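Here chain A shows up in two complexes: once beside chain B, once beside chain C.
Showing the complex of A and B:
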């Protein structure tokens, strides 16, 4: 976390004071939280399924993490970066074949039934492993969950599974849902998927499609005196500009996940009573990546890929596209990851002359029109920043004689073009780093993934050495040895460039200064807000 | 009355054809768009090959386009709009939930633009070429040239953020528990800005049409006759000139209803009104074909009904029209 902050500050030299003045007061406010009040929050989309045990994504967590809780949550200062939630302790066996969870006592579901180890076993075996977007990978070897008593759950794996991975997966992948609600009928069609029942500090009250979600205080919550808020309202604001206006008009008190566009932050930070906060997303890092189709003859040549890497001015991208709210990247693990990141990798300084020389060496000399060859470039449409970087990359490539043709699609069309049809030469993607490279990072470069799997290596890249390294890391139990392997992994990726990591960014919250306990954990926007409060 | 009934019957037969073409055309267009509902879905969640296959099967997307179209049409024949993959709910319910908001927005905006537009048109057309006429023409043209979303944003900044007279958006206060008249007043307050944004843009159309119509009628002989009779200017303007110039406006009203539906997509997004337009936009982004077909179908029916009403009104307003149609 510290490294991102430092680089952000150095980039933001001019506005550093401003950032410091707005970000600091949120932590260490020695004030007793007030009880009561309605917190109104901007929501830009309405997920079609609100069950976080099935869909582990930020859009779902943003709302349902207040209702349904995981076994543990990410933490700035807890052991291994975790804070207990439904589990109070967790321990991995030396052989990697089992993990024992001790569960919290006296926890009740929102319908009054007691929470037990049977719920954990059911969620793990019936939902996380077979149905969850991320769990299908991480829990693939989970064979059984023993429940010797009501407060103990023992996960049994068919093959040795690194405890480090399971631990890192706890916050995002282990939302527990009630067995008694889900055991009858098809899990995917259960009505509770749209009106979740959990153990969290807030109960689901209602959803008016296109208008709002309403959550109300759970009076039986296990946390002492918590939650402080009476109600949380997620107001659906589909237009990009409306969150900022709604904050100014005091109709909402919080806009998370950069609902206020970066370009508006400077103005909005000057509005009295509003704060711009960059903390609270440290465990939700997005990576700006150039995906490469290695089936293209030119791009299969390492020299060409190196030339492209040298042609990108990462500092400029951070300053111009992200207005300083990002950090430059060196490889496939973001700088703010406390466990795995290494800076000891081959780097590519911005050097147009060198890039041109590399392309000449590779045998692609400039034609009469100053062009070497043409490429199809598909920027992902999910973020303003990925589209803007697409525009930048086109110009950067023009400077080294590569003519990139931009193809802009909407989400569905982009997913199909890149990950199923492979109808791209270069693509701009925003993969997410989820605290452990084995969750959703190694898949970006590993070979042998079927067509159509999104956010995976669909560029036809195959490197046996890298594949072997990934396989070895996936069965290495010793955390230190496993971490070393992933450092090796970062070096190899940076050296061979199956893709080019350009920048890493996270989100910004804009909040009224009456809201207390904001951004106090690395997944704050998608955590349970049990301790969040409103001053009168 | 029988005249109107005959017209109705003739129109209904033609409408079924129109609707069929609309449904098949929309289906094919959406089929031609790259990516399907599963692609749109996994863009926000990710997932492995097994999960993707499971979803395609569950949402019936592993069948051929022709099978899906046939299934859809067969269900439609039984007045079943099907199930939305985005909402996992019957499409009929989803649309019925949103339709009143759009009708309210569209109806109020149409009333505003037609009412105020024609009134100002009469004002301007009373003396074509005069100072008032020039001023109104320029003003209305400027409004017409303004993009809807921009006008909406300006209204928000001035009246919602700075003055705080009206709410930023939405259709009513969130979970306020208001009922009856209180609720109606609350909804009206929420509608002021979006209705103004939508209505003022189309206002120019009616104003200019009214004015142009009147300018033409002024030259007719019967106006000269009315003047010769010594009728007051006021009476000539209202009862003779304006009344004759009003007829084309009624036709325009029918044509504009489709335009208005299109315009409400933008206005609904800017003002976060949970209406049909926004739903359509979401359905396209999610490649929710049955939902989009349902919305298009309902919109098409809406436009057909409005035009039918306009024609009936026309037949009553102008005895010359409709006689031939009814006689056929």
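Showing the complex of A and C:
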């Protein structure tokens, strides 16, 4: 063995190499994911049920989408905007009565049992169709799931069901859970609802109530070399202001779903090491909507609804309430939807004089105190923005002589007041557009929905023409014809105003710049994060 | 020395009186200076204070005038504070007098009820009451009074217990006055001074409780309140701290002013008593 000698030259060479090695990752190797590490993420709520097959909501997906996977995930550049997950291909029959899924080979559940078509059949028939909040509508005609072999599942529908709808529903509605865990006992009470078992890149490790959720790496994951992270910790930080300071203190590396208040983004984007990212939520568009109780005789009058629409300054709402992180809405389909959106609908410019004239025409003239009539206004408490818009709407209505009395409730009381008791005149709601109007949008307008179904038409609105249009679209198989029908639907809704669409917004992530592969699909925050990595 | 002169000799009493006077002036002049709706949108959002002299204290997240909100908020705070204290004192004095004067079973029952109310933290009681009944100004006043009447009740009872043994009470009995008449016309007025001494503490606590309820979103949403202003400012605490600081300082000064003035009154009364 030769003795190591330290010369000036070797030190220089060595330090040059060191310099180069620190500079290189940011230039050439930035795309090569690094293995290992623990990602700490802010979580603002602790869902009681973590089973995404039963509760298809973003709060649940945020955690459980890493554990339980759907048949396909949304994608920026994949065919039909989809990327295969548990299914590798999907094909709809021409008559709309069946859809055939080819499933991925060699996939294992976290407990080691193999994943087969029986699991898909069980999830579809026993959970998505009867129990899931969204699946109840989309899979209502699903009759049977044939499993000719272990890797093929054929969905059979009793009535023609548009393949376009099924395809659009794949990312959010088709989380597959293991049959062998759920087949005994009541599905709603299964312990796996709180400690999910799936096929995803991360396994559920533990949940300390009020503190954190911990997910650990699934070594048997089907994705090659994936996942890159060893662990994901969801740090429970219910207070919104604390997420920003936790990021600055490097206690957490990621705050998704606008956990950092919009007003803080400008400041935090200047903090070195932190990035503000607006991408990665394209398929999760929230809509700011004024829900209307048509049982009130004043509001049953179209002229009054038009007056309210004219009284709302949508640009002001986008600029002030959302600080520019939103877009004004024209109708029930958001502008950023690539398939269905049409701008060719009746619009309502901000015009207080016109609104006042419409109300006079409708026969509601101003009384001695300058007021026409009084309304109860219930802003949904889920977001700061919905509450602030409530404050704004009260002022906008005051300008046209409508006296709106705000009623504040907590989440549970709000849902009961609006969707069960109908104890409201106007409500501010944030429904979600999920890539297809038939999933969660037409339900906001359709009549005949039983009391108590949240985020549905509980305003007593009934329009036979619109109901017929919705029914027709739900059976139209040709995607082009179906899209046309939904364009017609948007026009009719904008004309008759069963509700008033004000703005559309998505979320913002704030992330440390050491986190790689962020926001690389339109549902990133609620996708599986198998390719997410940490640079150091 | 007249009581007023004595009152004005204590510096803290003067400070308290000045703050209180300013507060009442604010509350009374609010509709003069800002006749419209204080929640109307008046300018660009998040305007910092002292930038635009038509909006001297700046604007909040929606562009509402902070000064207008502050002045109208003073009305709400004072109204709730005074109404809640009046209700608590009235209920407390009546319960205390009845218990003390009647004695026996009535005393036992009323005092055990008082005990029960005293064991529940008054803020929790208010919180539960408002979230069940629903927030509005009247409900908030009732909720605060619900937790505050026990103190006056105990003090009133103690006073009544000593007063009812005095000769004039026996005299009233002899001339055949109805016991209730004796209790409320002869005994209660004499028992009142120490009970009223509690009022400053109760008003101050009521204003704080109202602010805390509003901060938690349980105030009347159709009125401006300082607690509600602080809660709204909290979301932008790092970017626009003045939105929380301004109503916060107003709240501190108000409570301090009431407390100091109350102390001054008690002090004056004590001196007078020891002089007599």
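The rule is short, and it goes like this: the second predicted complex is superposed on the first by the 506 of 536 C-alpha atoms of A that agree within 3 Å, B and C clash if a C-alpha of one lies under 4 Å from a C-alpha of the other, contacts with A are read in each partner's own complex, and residues count from 1 in each chain.
Following the convention adopted for this analysis, contacts are C-beta pairs under 8 Å (C-beta built on N, C-alpha and C of every residue); 3 or more make two chains touch, one makes a residue touch a chain.
All of these numbers come straight from a predicted model, not from anything done at the bench.
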### Task
Classify the contacts of A:33 with the two partner chains as first (chain B alone), second (chain C alone), both, or neither.
neither
### Message
Applying the document's definition of touch, where does A:223 land relative to chain B and chain C: first, second, both, or neither?
### Response
neither
### Query
After superposition on the shared chain, which partner residues are touched by A:407: those of chain B (first), chain C (second), both, or neither?
second
### Query
If you stack the two complexes on chain A, which partner ends up touching A:160: first (chain B), second (chain C), both, or neither?
neither
### Which of chain B and chain C A:236 touches, first, second, both or neither
first
### Message
Which partner chains sit in contact with A:246 here, chain B, chain C, both or neither? Use first/second/both/neither.
### Response
first
### Query
Of the partners chain B and chain C, which touch A:263 in the superposed model: first, second, both, neither?
second
#### Entry: Those residues of chain A which chain B touches in one complex and chain C touches in the other
241, 410
### Task
In the complex, go through chain A and note every residue touching chain B.
40, 45, 47-49, 55-57, 59, 131, 133-134, 136-137, 188-189, 193-194, 206, 208-212, 214, 231, 233, 235-239, 241-242, 245-246, 248-249, 251, 382, 409-417, 420-421, 440, 449-455
#### Entry: chain C-touching residues of chain A, taken from the complex the two chains share
240-241, 244, 261, 263-264, 266-267, 320-321, 381, 384, 388, 391-392, 394-395, 398, 405-408, 410
### Task
Would you tell me which residues of chain C are touching chain A in their complex?
37, 39-41, 45-46, 61-63, 131, 134-135, 217-218, 221-222, 234-240
### Query
Along chain B, where are the residues that touch chain A in the complex?
33-37, 39-52, 58, 85-88, 94, 97-98, 153, 156-157, 160-161, 164, 167-171, 174-175, 269-270, 272-275, 278-279, 285-287
